[in-house]
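So, here come the structures, one by one.
Presented sequentially are two complexes of chain A, the first with chain B as partner and the second with chain C.
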Partner chain A sequence: MPELGRAALLVTFGLTLYALGAGAAAAWLGRRRLALSARNALVAAFFSTLVAAVVLVSALVRHDFSFVYVAETTSRELPMPYTVSAFWGGQAGSLLLWLLVLTGFGALAVRLNRRWAGDLIVWVVPVFAAVALFFSFLLVVVANPFETQAAPSDGAGMNPSLQNPYMLAHPPMLYLGYVGLTVPFAFALAALLSGRTDERWLIATRRWTLLAWTALGVGQLLGAHWAYVEVGWGGYYAWDPVENAALMPWLAATAFLHSVMIQEKRGMLRIWNMILVILAFSLSLFGTFLTRSGVVNSIHSFTQSSIGPWFLAFIAVTVGVSLTLLFWRLPLLRSPTRLESPISREAAFLYNNLLLLALCLTILWGVVYPLLSEAVRGESVVLGRSYYDFFLRIFGLPLLLLMGLGPLIAWRRASFRSLATTFRWPTVAALVAGVVLILLGSGSSIPGLVTYTFATFVAATIVIEFARGTRARKALADTSWPGAFSSLIARNRRRYGGYVVHAAIVLLAVGVAGSSAFQTVAPDTKLRPGQSMRVGPYTLDYRRLTQHQGANALEERAQLVVNRDGHRLGTLAAGKNAYAVEQQVSNEVGIRTDWLRMEDLFVIADQIDPNGTVYFRVFVKPLVNLIWVAGFVFVLGSVIALWPDAREQRRLVARSYAVGIPATT
Partner chain B sequence: MLALSVAAALAIFLLYTSIAGGGNPSIQPSALHSHPGKVQLAGRVLGPVRGDAHAGGLHFSLRDVNGTAAVPVLYRGSVPDLFRAGRDIVVQGQVREGTFVAQPGTMITKCPSKYSPKKSGGST
Partner chain C sequence: MTALAFVLAAVLAVGCVVLVALPFLREPEPLSDSLGDLDAEERRRLELLEERDRALAGLKELEFDHRTGTISDEDYRRLVGPLRREAAQALQALERQPAEPPSSEGLVEGRPPPARTFSR
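Here is the complex of A and B:
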């Protein structure tokens, strides 16, 4: 079996090498049959990678510990879902997943666009093949998932904190996102290489970018929720390098998704879009590198491995080649239109882009600063939480405000009078909210108060947009209110899907501000059974310590009774699990969610002494659940915007042809 | 316009770095003697680990990950799940009278590997 997997990877390597060589030659010389053969090689590479993946998964399922990979990542007691998830848990397996998704996406994207963008596709194939070649090279030469050994009786098991349902979904979502960004990158490079720098590469990849971006966003929220319920320090995001690794490409892709609209509508920002897509893809490679290389001090520097230098070299080549191509094609990318006024939709999009990029680059600076300072000054200096928090406020709050302003400002140029009319009610709503919040005592945190106020403003603009649009449709089509509402969304999915995503970001902002700026933290408290403590409006009675032998861990729990304002609300358990095989302990926090107040009572049993004494850390986190609600709204908005829309596709294609595109060859 | 915005972003950036000074040095025990101030100390835990993190404080030593220089450490507060002798950790604090006194609750453990292989131990 391992021989089959190894052989399949070698075949993939050969196929991608062929697809790169033959594809580039075919595109350069204009050979149709050779181009077709290169395309088929890319599709075949997907299937040979699939064979390798099936071999690895079946070895995991059969507990075949003669595979070094299987022995290192699983054990016999490990429940089956986690055993399968070990496929993307270790380094070699996750690279294999990268390659599988990459070749799959490549084959699909090429197939879907071959008819109307054939002149681009001939170049897309070799670009895709080049990226796939790098990953298959790593798998063949550096990180072989099919290494064998004399089978030990049992494997090493899985890190207990990864034995959580979120960990089943979080890594593959991030990989979908990282890999998905290859599609717009490959089409962008194909546009540069072929010299067909019209808007078609954007139209062909819009949904791919959106899909990758959604997956990255959902993956991060899943990771945040995992950190919240499982890692158990009371937070959900710690500006850790590995977390930032996913946030940076997401921010770059967010900027790209917005600036693309300017290019489609007004033909502006062509160079800028190229830069953004190159940046987003390079950052997704950098993200994979950070996660996998252990080069930065991080709570999850998973491995000190040998793939680091290869990744850095590949990132350098990617950036170098892309920028060279961009400079070469600069004359083709000059925009026919210019920005007419600093108060216009275009300008708002531009500000949005600059802020997103500024945030992205300051985070990048924070991530690489320890390495740079070590190289320059000889000692590594780490930028802490305050650095990131500062820039999140400085760039994030104006961004939040722009989210309300941008979509309602007129194209080309807007007058101050029209602005006053458009934003009258949202401004009133925001001011009223601000005053009410101050009266309620939210003035204790200025950034928190500003976030709430801005969020109200944006929410008001979104509600008004939906209300206005629905009324207009009802008047036009003379239907019921729900009918008018749904036809409004159906007629412009992209716009209204976008508003729904904006609403999700509003919820996210409010949740983050509420849970960080307005949380109550109880000082560490030592309780014996029978004693109690107060946190905000809550009283916690520590009753007793229980022990229970679970499937693969000894579960110790402090049983608490929760009271609020004198009323008994129920019980809560917080404790630790001791995993025998892995010889590790993990915190199991107790969380009581109050959906009416949208707040969480969060209890950590920090230290359990043999005599039953427990040191508790307790938080009350208002509005934290809005962050998870935001995740659902985010997906809903993305699905609305992603939904296939033949009419829109036809319109965009027709428009791009009207601009005068040579017939496909 | 573009240039103006970029300049504004850069100005904010410089303002911040000049005010906040930006970050603590992250060093290993062998470099401690040249850093009397607050630092982030990274190293490998040397047993025995004694004391109570919430009562008198936890006593242990940290040594360079690839070296022998070591320093005694006193730590109070929350102890991460993965803390144990032989693990790599990061703490913040400063040296006081020969002992590295960590700020409460600043300990971070680094996973030796995402799936730590079983090294030693009674079972098997």
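Here is the complex of A and C:
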């Protein structure tokens, strides 16, 4: 039913156009029914987009190759989960997902905040509608997923590297993150348009920002794990432009989540917060542009398309309009308070912001430099891994240290004596860890050693904070230790959820340092069946080559027996898959995980000769699994921080009632 | 299939139009169609409420951090005074505001009931 899909998209286009025009007119003229009508149009746009999405998914599931999109992205042999994932695997489908999530988030954000921010909501609707209008325009005019053709007998299939379980979740999570950043952007612009620059836009969007930020973070970790197990070069992050595209808005959103606390606690950084929100949203658009335009060479960019100029124009308009509004409202955004001391919590958060933004802009420069160099000099010059690694150390290590310092310094002003008392034990722990690590031989990499030491410092501050807080709650409430612990978290979820997220970043930093600075790499080794090789403490015996016909690929595997220090650990298989329909071959790496050491033995069968000879590349990656464990801790911390706080909601509603803020819209 | 698609598309379009027109269908001739807006006094009240809540939340956090030992006695003594002053100033300013809630003129269905008191 392509006609229904096309009609649904046209309806969405009309609804978003109406929501923009009617919403702006209602807000400007102060017309209540028109504002409600515009809000309803935004809600209706979600349902019409949902109809279009259902039509496309239905066509994918039915293998209806009369849809050009279905024929280009799937085949009859493709397993069903990947067939469904083709919804976001191609250009038009991913834009449709963007629009679906956008209209859904818009309708939900408007509904949830209408009771205490009604006067803001009337401006939020047209801003949301403007963004949705752009995406519906792209889908109607530039990249329509409902184009039809005479149905071929089979489709072209899916890129083999996308046929991985992680690809079922990685792109949707990133889209949730990218689109989620529209919510703070819409409320920020609504605050500027309406002149309501009080705290409410911040409070309304805090959880949305956290949700988007969490989704972006999880999406990146899933993508890193996909790259690790699927792409098969031995790493998980290669500073690829499309990987960076997701990292940049995440860094900007991280800065915002910290600086927003300064505005809430001290009424400072109002202009800065607006800039960060605009930056995060613009970078999310830029990330979608990089992924979908095909303008950069990337292992993650699967399309070449004509949407690039449209996206660039929209980003330019977004930035231009936002900065103009910001400039117009500068007098309303001036802070009544000033930084009292460079040694205070707000100062530490400010340093954190500057470092995060510096890292973000450094990465942005690395991404756009090849494009600029090509435009100016006619040749594309790519900034390599060393560029990014250098700046990651320069900005990342102080950031890691600040994560331990910031939360324990007093607001406004802290004395040196107080600092010495507060940080005595974390400093002792870090120094002891550093000395022990040097004795264990970790001094071979100074950045690695510094990372471990700083990580110990931060971990110690977190443990001490939880211990002191639980003890204080126990004394206050006269309850059990577990009761005091849960009460501590429940009474300040943002703070203690934040500490759990910090613990996740510590695990991530240790995992990255361990697996990159202290990894063992074996030179490429050619083995015939029956021969062995040694890598670090491991010995690998290559036994035989096997072949197996899978669901849609011929699977060829080199079977290896793994021994460590003379003890047999088991077998491991590494090889390649040959996809007949797609006419492509993928690397299928072999990984053996030692959960005690958090270490991986990582084997790539780089080349397989017909006579059974295999060229192996082998890595031993210490602590690499801490990165994936960090993902679970990260989600736990985010859920704690995200958990709704009924007391806060009641306080906000009461505050709005006290003023008499209209809630009709 | 095409006919069914057209029928479904028509149903979708009509449903959306009805939803969009609903506010006008429900209230063809409302008593008031204007959006309530905050006057200068109400905006000032909102600012004061934010200042009050900020100061009180700051005091609460400071007390707890002092109790846990994160904030030293010396820092606590220096910080608690200004925070108490800020909270008191915001509360006094709120007290000085008219006791009556904002004018009920122009209030419309769904608008929150006016507050009776501004202190907690």
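Quick note on the criterion: the second predicted complex is superposed on the first by the 647 of 665 C-alpha atoms of A that agree within 3 Å, B and C clash if a C-alpha of one lies under 4 Å from a C-alpha of the other, contacts with A are read in each partner's own complex, and residues count from 1 in each chain.
Rule of thumb we're sticking to: a residue touches a chain if its C-beta (ideal position, glycine included) is under 8 Å from a C-beta of that chain, and two chains touch if they have at least 3 such contacts.
It should be emphasised that the depicted structure is a prediction, and the values quoted were computed from it without experimental measurement.
**Student:** For A:Ile394 in the superposed arrangement: first (chain B), second (chain C), both or neither?
**Tutor:** first
**Student:** Looking at A:Thr362 after the superposition, I want to know if it touches chain B, chain C, both of them or none. Which is it: first, second, both, neither?
**Tutor:** first
**Student:** Under the stated touch criterion, which partner chain does A:Gln547 make contact with: chain B (first), chain C (second), both, or neither?
**Tutor:** neither
**Student:** Of the two partner chains, chain B (first) and chain C (second), which one does A:Gly267 touch, if any: first, second, both, or neither?
**Tutor:** second
**Student:** Pick one for A:Ser444: touches chain B only (first), chain C only (second), both, or neither.
**Tutor:** neither
**Student:** Check whether A:Gln584 is in contact with chain B, with chain C, with both or with neither, and answer first, second, both or neither.
**Tutor:** A:Gln584: touches chain B, not chain C.
**Student:** Going by the contact rule set out at the top, does A:Ser306 touch chain B (first), chain C (second), both, or neither?
**Tutor:** neither
**Student:** A:Ala35 contacts which: chain B (first), chain C (second), both, neither?
**Tutor:** second
**Student:** Residues of chain C touching chain A in their complex?
**Tutor:** Of all residues in chain C, those touching chain A are 1-2, 4-6, 8-9, 12-13, 15-16, 19-24, 27, 30, 32-38, 42-43, 45-47, 49-51, 53-54, 57-58, 61-62, 64-65, 67-72, 74-75, 78-79, 82, 101-102, 107-115, 118.
**Student:** How about chain B: which of its residues touch chain A in the complex?
**Tutor:** Chain B residues touching chain A: 1-2, 5-6, 9, 12-13, 16, 20, 22-27, 31, 40, 42, 52-54, 77-79, 81-82, 90, 108-111, 113-118, 121, 123-124.
**Student:** What residues of chain A sit close enough to touch chain B in their complex?
**Tutor:** Checking each residue of chain A against chain B gives 72-73, 86, 89-90, 153-154, 156-162, 233, 297-303, 339, 342, 347, 350-351, 354, 358, 362, 369-370, 379-384, 386-387, 390-391, 394-395, 524, 526, 576, 580-587, 604, 606-607, 609, 615, 617.
**Student:** Flag every residue of chain A that touches chain C in the complex, lowest number first.
**Tutor:** Its residues touching chain C are 1-4, 7-8, 11, 15, 18, 26-27, 30-37, 40-41, 43-44, 47-48, 51, 115, 118-119, 122, 196, 198-199, 264-267, 408, 410-415, 417-418, 421-422, 465, 468-469, 471-472, 475-476, 651, 653-665.
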